[in-house]
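Supplied in structure tokens, the structure appears directly below.
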Amino acid sequence: MIKAGIIGATGYVGGELARLLNYHPQAEVAVLASRSGDGGLYGAVARNFKHTDYVCCGDKIEEVAEKCDVVFLALPHGEAVKTVTESVLKKTKIIDLGADFRLKDVAVYEKWYQTEHTAKNLLDEAVYGLCEINRESVKNARIVANPGCYTTCSILSFYPLLKEGIIDAESIIIDAKSGVSGAGKSPDNLYCDTNENFKAYKIASHRHTPEIEEQLSYAADEEVVLTFTPHLVPMNRGILATGYARLKKNVDYTEVKGVYEKYYGKEYFVRLMDEGVFPETKWVRGSNFTDIGFALDERTNRIVVVGALDNIVKGAAGQAIQNMNILFGADEKTGLDYVPMSI
Amino acid sequence: MIKAGIIGATGYVGGELARLLNYHPQAEVAVLASRSGDGGLYGAVARNFKHTDYVCCGDKIEEVAEKCDVVFLALPHGEAVKTVTESVLKKTKIIDLGADFRLKDVAVYEKWYQTEHTAKNLLDEAVYGLCEINRESVKNARIVANPGCYTTCSILSFYPLLKEGIIDAESIIIDAKSGVSGAGKSPDNLYCDTNENFKAYKIASHRHTPEIEEQLSYAADEEVVLTFTPHLVPMNRGILATGYARLKKNVDYTEVKGVYEKYYGKEYFVRLMDEGVFPETKWVRGSNFTDIGFALDERTNRIVVVGALDNIVKGAAGQAIQNMNILFGADEKTGLDYVPMSI
Amino acid sequence: MIKAGIIGATGYVGGELARLLNYHPQAEVAVLASRSGDGGLYGAVARNFKHTDYVCCGDKIEEVAEKCDVVFLALPHGEAVKTVTESVLKKTKIIDLGADFRLKDVAVYEKWYQTEHTAKNLLDEAVYGLCEINRESVKNARIVANPGCYTTCSILSFYPLLKEGIIDAESIIIDAKSGVSGAGKSPDNLYCDTNENFKAYKIASHRHTPEIEEQLSYAADEEVVLTFTPHLVPMNRGILATGYARLKKNVDYTEVKGVYEKYYGKEYFVRLMDEGVFPETKWVRGSNFTDIGFALDERTNRIVVVGALDNIVKGAAGQAIQNMNILFGADEKTGLDYVPMSI
Amino acid sequence: MIKAGIIGATGYVGGELARLLNYHPQAEVAVLASRSGDGGLYGAVARNFKHTDYVCCGDKIEEVAEKCDVVFLALPHGEAVKTVTESVLKKTKIIDLGADFRLKDVAVYEKWYQTEHTAKNLLDEAVYGLCEINRESVKNARIVANPGCYTTCSILSFYPLLKEGIIDAESIIIDAKSGVSGAGKSPDNLYCDTNENFKAYKIASHRHTPEIEEQLSYAADEEVVLTFTPHLVPMNRGILATGYARLKKNVDYTEVKGVYEKYYGKEYFVRLMDEGVFPETKWVRGSNFTDIGFALDERTNRIVVVGALDNIVKGAAGQAIQNMNILFGADEKTGLDYVPMSI
């Protein structure tokens, strides 16, 4: 059994990691840790775990690392760089669900996060854990930088199109919509202020933008600069990203579908929709799937790509466990092979 | 592997049965059937199953029974009596999720359902499948009448109190609230008419009333007649039942808690809340748990009991699978041991 | 024009007062005040007011009172007693939307609110502003104690039944359900923790209990002690109270309907449902109406009464304006005569 | 008093027209008509009108026209062309809330609606009632074609930019999101299938596309062809349209803001957001306002425009009443001057 630890266990993502690991046939929850953890019952805080005897302890990384084969960090951005050290990495693997190790370009990181990166050496070795694209590199990583939720959805939607040079790399616009759990337990999202409301936020300034650009630039083999707009949907879970780009080639639906199949035809966790069918967040809820559909807008020579995933599963905890499976040589879908909970 | 069939596979409950059985380690989905099933892909209708190769066939019971060790009927009330015959029962076990076999008293059935019961002989042998109370009888049943959602929640809440004679059997009031999936795919529940709305319905006339009364009368060993009011909550899943009764005995919190522990202390799927904590539907969502908490209202000498469950899991598909586990000698929690999905 | 001031203008109730007063033909918003008000635009905080030139100033009561004929206090419980003084009352009328002046019995107040009441003399003269019952007393009041939301709904539902001695005063149970705005801007109600969830809270201990009991005791002319259970519904607005009581007399539907008509037949803001029809919160949303329906449960000799209102209109800001209309001799429905916004 | 009739009074839009007209100081609801109307109480169907004595009669246009100065048609697309005749127009003004008279180009109509237009002569004289742009033409119209909801939001967002030649007319993408009431009472939108779900639909094929294009082409004085993607948001009301276009000129925020102010600075019902502030649907709910904000994405040389309105007020019933006010010489904001209901 893989002994897994979770630091930040009382947040939404930490709780989801615990929920999924609880039923994982090859892993066990060895440590649940949070800043305020004092050894009391985890089920007293996260009452969905009422029937378990898990406890929640303090979050001293050295102590956690000692007991675990892998430690998931579900912390606010900026915390992981302070937590992960060479000494820790001698004891355990790290899967970081925050942003600290995602961007390779330190200058870009420091510009968008407005803070100095204090672990540049580790940044070099960290592997960007978008499993469908980077699984080979993940296998031997000591630090996996688990991608962001918007990011995973956006990159998977556009990756084949850029790899195959089908679209104009300068023309990409991503209009993304997220359920509220993506924001964590923030007092900005009181029920009455969020319910029955729809809004855009951080227009042209959201920190997932450079992450998407960096990865898509690798795919395009040229610099990709794009417009990214996140929106908040009054629902708990789910991301839907609607992407737009100009077609560079004269292609029809079948050809483009073929391109997607080339990259994802054998990917269990990417489901390609049939023609005329588009993803909906309910069809992936609670699961690790990313659904992708597209249409060609002949009138404007654009492609419209729609991707959907569950932001705290494939967009966070699920992909982190998929990375764990890769790290430890398990089948990638172990403990993740759930049918989405459509209602 | 237990070969399981589902008739009515495209409804909410049928879909939930398929979802849960898909990951059940000792069962497999052998047949998915619906009235309009024509052998096409199930995932084309229920797109959460897009990654599977399940097909959906027609619902001829004889053909389904031939291929299955157990057949789940997720049909409108009144359909099961027409479907289940001696011939069918020779081929397979039946777990009926409708109301046709739940009430032992035919006169009560015919009064509340306003229709003649056409399978009275089978009614006699059908076992009421409230697992925590009737598991011994379920073991050898040919027909299991799976309890209603409101019913399961209400009975489990009051059963120990009546068994131990703590409350006045004439004083029971159950004020119950359900998520919308309980009503099935009914055009009565359009989004805009249901969202941001709360209402009571079928006051003093809901058909789960006699079902609760019959079972609680067995527990009380006297006739229980009670007031039951269902309400509709703008959410997909979950039932919360708030029950009221006069205390007959001079008891304190600890004594009453002891009574609940006597009956449920070893029940995996019943979780008793700590003093001052009351169930919330989110803590059981997607799971087979029933959470129960209570308070004593000293000023009025009443007990207030709160029970919560997921109406399509413990209130339907989950308990049906729990019954299947009992029927086939598997551990009751096999394939059902999920941590609730709290968000 | 009546010059109206609002202290606590940036809360949900304060904002609703401003919204309704803005279109009131005989009143004007003279002062919007809040603790953090600094003379900046109100529409910069409450962006629904973006098109107005209202400013939000500090909340010094003496200064506000100077400019207003009436001041609405939308403050946390315990603040009004510190704010209202003889000097203030010389300048303006006070309509307090908090609990400080609602209970006549100081001992009851101090027991339930766990604090000393520091303005007992004013408590004596404050008038309980449930308009349909107390309008005569309100006319000449200096301080109107505007009733709570649960309270208004509960009292209006039971008042005629107790006045006419139809029900057993000891048998009353009120199972009430509220939208989330009733809790104000509390971090307890984050979106993801509240959405898709239903729960009871403060069982047998909610502070609206003694308020309901005091008023219903006046109606019954005997002491009423009852069980009250509040619940939280995942929606912004609306209260639905389901009440239960034993019938003392042998009455039929028509007789009971006649009793309701005796008290409410001429009340514009109380709408009595037809037989078999029960209130839903959407039918009163955004309006000052209270809808009441009932059924007789012959099997148990109980009456089930259902009342519904919008918790921040009739349950707070609307009734406060209705009280203002009474205080200043305007038609009660002035500025309040809106058709509910059913979707 | 303007005597107003509503045909299609029991739909969402018809009900909203009745709700708003009920409090309009210069108009009265003279006729409420629907296909199934039989003279019974309107409040028995639309229970928010329970306190009124409105009746709902049959929908024979000649009879309705006889009694009204203006008749609002809230009918499915294709019905108005059959209803409006020269004879009817001799008796009354028509404000059509459907699509039949919106497109001037018959060929475009017939292509997108897949049906012959049977009232081409009337099409010529019908005036497109986007008040802020066409009010002069509306004044003397006999038929006003009330714009669609997505359309109003999209056109108002882009109109000044195209008039002033700031953006590339070929580069426009509109990613729009609507609450569910926009779809009317359709069984496609059952609660459980819509709640907690987000999806795109009719990608590159929604019928509002040519309507937006036609009007924006007038503004640009060249043909505008754009990509339009509608999405469904799990909420009752509200549209938010996020628009993207390439900047043709080297402009800064202040210059663009100046352009918007040139066109909307004196428009009561268009509110321009301050820099860094973007519209949210809750800030316009229940009101006739359109809020517009924008950001310049310097990295990509694009403008991102966000518009928001209430789809059944400014997007339907409210704008229709605004058109009525124009037709009858009343101040445009008469009966519409409500502060949005932010919660």
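When the chains are written out, they are named A, B, C and D in that same order, and each has its own residue count from 1.
In the analysis below, contacts are C-beta pairs under 8 Å (C-beta built on N, C-alpha and C of every residue); 3 or more make two chains touch, one makes a residue touch a chain.
Keep in mind that this is a model prediction, so the values were computed, not measured.
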Query raised in the report: In terms of CA centroid distance, which chain is the most far removed from chain C?
Result: A
Report task. State, to the nearest whole Å, the distance from the C-alpha centre of chain B to the C-alpha centre of chain C. Result -> 39
Query - Rounded Å distance, chain B centre to chain D centre (Cα mean) - result: 46
Query raised in the report: How big is the gap, in whole Å, between where the Cα atoms of chain C centre and where those of chain D centre?
Result: 36
Report summary line: Note: chain D residues in touch with at least two other chains are 12, 181, 192-193, 195-196, 234-237, 280, 282, 285, 343
Requested in this report: Draw the chains as points, connect those that touch, then say whether the picture is a line, ring, star, complete or other.
Outcome: complete
Report task. Could you please specify the touching residues of chain C with respect to chain D in the complex? Result -> 12, 15, 18-19, 22-23, 44, 46-52, 181, 196, 236-237, 268, 271, 273-274, 277, 280, 282-287, 289, 291, 312, 337-343
Query raised in the report: Once bound in the complex, which stretches of chain D touch chain A?
Result: 170, 173, 175, 177, 179, 192-193, 195-201, 203-204, 225-227, 229, 231, 233-238, 240, 242, 244, 278-282, 285, 295-300, 302, 304, 306, 343
Report summary line: Listed in rising order, the residues of chain D that touch chain B in the complex are 12, 180-181, 185-187, 189-196, 234-236
